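Each of the next two complexes has subunit A plus one other chain: subunit B in the first, subunit C in the second.
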Partner chain A sequence: MGFTIYTATGCTRCKIIKQLMNEKGIAFEEQDMKAAGKEAFQKFYAANRKAIFRGPDGVEFPLLHDGITIRQGIGACVAYLLSGTKLDGFFSVGTLHKEWVDGIHVSGGNPEYTTEFLAALQYIKKGNNMKLQLDTNGLNSAILEQILAQDLADVVIMNVLGPKELYSQLAGEAVNITEVEKSLSLVTKFPEYKLQTTVAPVVREDGEISYLTTKEIGATAKFIAEATGSMKNPYLVKLFKPKECKDERFKTIEAMPANALLSYRTAARTHQVFVEIEKN
Partner chain B sequence: MTKPIAELIFLSEIHYFHEHTWANVEGDLVKVGITDFAQDSLGNIIFVELPNVGETYSKGDEFGQAESAKTVSALYMPVSGEIVGVNSELEEAPQHVNEDPYGAGWMIVVKPSNLDEIKELLSKEDYLNQIK
Partner chain C sequence: MSYPTVYPTGVTVYNPKKAWNGFTIFQAREQGALLIDMNGTEVNFWQGLHGFPNKMLPGGYVFGHLGERNNNFGMQDQTDLVQVDWEGNVVWKFNQYEFIEDPGEEPQWMARQHHDYQREGNPVGYYVPGMEPLVDQGNTLILVHKNVKNPKISDKLLLDDVIIEVDWEGNIVWEWACNEHFDEFGFDEAAKNILFRNPNMRTSGGGMGDWMHINSMSVLGPNRFYDAGDERFHPNNIIIDGRETNIICIICKKTGKIVWKLGPNYDSSEDLKKIGWIIGQHHAHMIPKGLPGEGNILVFDNGGWAGYGIPNPSSPTGAKNALRDYSRVLEIDPTTLKIVWQYTPAEAGFLMPTDAEKFYSPYISSAQRLPNGNTLITEGSDGRVFEVTAGHELVWEYISPYKGEKMPTNMVYRAYRLPYEWVPQVERPVEVAIEPVEVTTFRLPGAAPMGAKKTTVIEGTRPYQGDKALCVAAGDEAEE
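Right, the complex of A and B next:
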């Protein structure tokens, strides 16, 4: 099975992946979309465009294709080349540029492969002088602890899904809330961190779907204050975007107007004085 | 790299829509594509999504999109009408749009519901004034 890597002239991340493949003795064919590989990339794109991620700056490179699966972006490529499919879920395509790498989800993968995950971060950050922006929703706090100990993150963004009582429901799995509390206290120790909560839809006990209430966002801010021991965390309350939602149940829900966030800010401010709301 | 406007080509005998599509009357049908300015701004086009024959659109509706590695750009109907032809060669060779936007890079043929709409479109000079 042959590997093809689609690259763009001058793309540093592409060079890093080619270097890694050379180090590991993996044979591959390179198609540079700005040079001789223009036509090959066009064909590949036309055949796979639904599976290819486009960020605000267009298609993110490199794209590594083994004939079946496409791995896109530095994180997913490094993870795959070092550990095969074990690290699936930890990485997605990021949108940051220059030396910054994002799309790294501490809570997204299988904690059995913590060692492999840390090795992939090590390779990107220490081996190639990149800076890492990680995100977490509080799960896999033991991994976060090791990331902190090994100094493997420059920025951590924690998505605090909601108040304690609704956390499992919002996460879509049974959550041990002490995990989330532990992550909250760890996250404040990173060089830079930000907490955020999306005003997400919740399926209520009677089956009705409604957005998190201002009271529930207030309770979330309180939860953050208790777990971090601080009322002064950088905290952002965000709008839910139904169109970008993958959950079929929530796709048709009406989007909340941006100015509705004002009352959420008021509710959160009692417990997190620096709360900001997302600008549309 | 985008070119200076002076180096781009704009034909006199066709009509221009402010959303960067052109319309050329051929008998009672209208052929549509994007302007040299539009293709140059997009860069190397790697995919063109076109509508199906038989679909109808109003003037200003999005009928498809052109994608380059850097951006995705919507394509807008310069006139209302039914799609009676699409340039299927663009599936295999989207680069025609870059190489020959008024020729091999044409996109659709429309049976206009109101040919008077053509008169509302821009002349070469008007369009040039808009993009300058």
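Right, the complex of A and C next:
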């Protein structure tokens, strides 16, 4: 079955994907939801509502469908067209617009496909003059190193999950902390970077679930200071949003009021002087 | 205004029987915090202690600041808020709000405090019977600055006003940022237009918009309106005023929402029209329970120039589009919006409006209600602090002799009267009455007295009339 691309009139990202398919000699059918393809898109959307991301500005385009698989957004479409499902996890639908592309997760994919991942970034950034905002949680530091060497990111956001001793639990897998330390030292070298930590729930030794404590956020800030050699990193402490959480264990935990972050900021500022807190 | 070249400074009028006698604390321009008695004796001078403002606490403590941020980079940012004892020891300090790295300056934590702060125990920072501010514990509300971007207000960098509450250990436990409540202030489209283009841009730090310029922040405290069930006046709620916007408003401590406000427009209802335009005001606060007028809002309505709105000949862009060349002290019932007491040029005895500018401070200034019903007024721009009775009689007056060298003015931002008991370190001073000088006969050495050497009489002259035929309408005619 051939490809169908759902587009919106004037969508630059859609043109990039169509061009890539033309370059690769992939036949496709275009349905422009703002023109003749409106009805076809509505039908497609109704049938695949759960698989299609709808952001605050509406559905993100392009949407690529090969009869089985749906890919949405420029990053995921490029990755799928260049490497099939190998790059799954590295890309999701972004929310930035104009020349900016986000939804690129350095730590999210299989490092065996680093070459393919870098090629996809290369195509989007160098081939089409887009600007890339990447995120990482510290894993796959070797990939981050190559991204830096090849100048493939304009902004990198690092989610520092928590203090060293809780990192594996927060990541949901065994983490070699030296990898995280390496990423922290790399991330400061990008043209623009931000560090952030979500005050996430943690399953304690006694089975109780509780949010990261102020002391643990302080320890996280200290970890950042030690790994980056600086107390002056741009650092944001964020609120955990139970409703958006995919982990069933944490969905029912009570949301923390925004003002509760004030004491976390105080704790973090001992080691990171430019820490800010998220507002509701 | 026609200020004389020669005039006395220090205490010029003092009626001990009618004044509420105590000490007065203020910032002597470019000198430090100065405590004087009713005759102007300088009881203690905390040299170099900045004061924006200085306030006293029971036990002879004084609040102030160790310094001010370099004005090239910051607008009125005080480095810290400190509590200093009688001997000058810093017993409490807060500076950990923002880490500042200004070019050529040592990187440091700063409070970025400006204009006001309140220590727990007392809602307004001045003497209220039974509401003494805590001196060795308790939280402190501090008005601070923060630079923010908010495209809803302007595309320029903004100098925002933030209120923080810090505990005795210096932890910030509550925070409120003015820019986050922009939609609640009731700006019309004309105001939003000029605000966006020029949010009161100042040159510090390469340019920043001091868009609201909050200059007063105090707690309501217990009050009759809340006692009667009006939640808007919850004792923990905070009242602020914004000089640039002509807004006076009350913030709900719990939700952060604006729950009561005056301005930015004063022509949208008959009640507001009766109040008239409050312009560039300072020190709007609720008179605390236990003082005459309790529950009413007391404000120094400066006049001068302020506001955002429709352009007019005096404001081609709509910036600072409200003007008035005299000041008023107003006491307003916040529920009926009626003026229950006022001190304007008329009560001061000046011909309106031709001599109105003789009571006029276009910036700074304040008003403090005293336990006997008197009001201590700081007419700040001329360094004049004076006390009037409820019947508007002048019973004490002091002109600051401290004129700055770096800025040639004897301005006093805000003065406070405090009871003698708050300063146990000194004996109660002797109070010596100072009768008002009869200015028509007062002469400097060498100046001739009144009285013509020869009086020439012309037959046929007519008697003089009143004020009906000045070049501008004045007096009774102006009121008609």
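The working rule: the second predicted complex is superposed on the first by the 280 of 280 C-alpha atoms of A that agree within 3 Å, B and C clash if a C-alpha of one lies under 4 Å from a C-alpha of the other, contacts with A are read in each partner's own complex, and residues count from 1 in each chain.
Quick note on the criterion: a residue touches a chain if its C-beta (ideal position, glycine included) is under 8 Å from a C-beta of that chain, and two chains touch if they have at least 3 such contacts.
Owing to the predicted nature of the structure, the values given are computational and were not obtained by experimental measurement.
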Room on subunit A for both subunit B and subunit C (clash or fit): fit
Who does A:45 touch here: subunit B (first), subunit C (second), both, or neither? first
First (subunit B), second (subunit C), both or neither: which does A:207 touch? neither
Is A:259 in contact with subunit B, with subunit C, with both, or with neither (first, second, both, neither)? second
Contact-wise, after the overlay, does A:58 reach subunit B, subunit C, both or neither (first, second, both, neither)? first
Which angle, as a multiple of 10 degrees, do subunit B and subunit C span at the CA centre of subunit A? 70
First, second, both or neither for A:8, with subunit B first and subunit C second: first
Return first, second, both or neither, reflecting whether A:33 touches subunit B, subunit C, both chains, or no partner chain. first
Shortest Cα gap between subunit B and subunit C in the overlay, whole Å, is 15
Note: in the complex, subunit A contacts subunit B through residues 8, 33, 38, 41-42, 45-46, 49, 54, 57-59
Enumerate the contact residues on subunit A facing subunit C in the complex. 232, 259, 262-263, 265-266, 269, 273-274, 279
Flag every residue of subunit B that touches subunit A in the complex, lowest number first. 44, 46-47, 67-72, 91, 94-95
Interface with subunit A, subunit C side, in the complex: residues 96, 99, 109, 171-175, 180
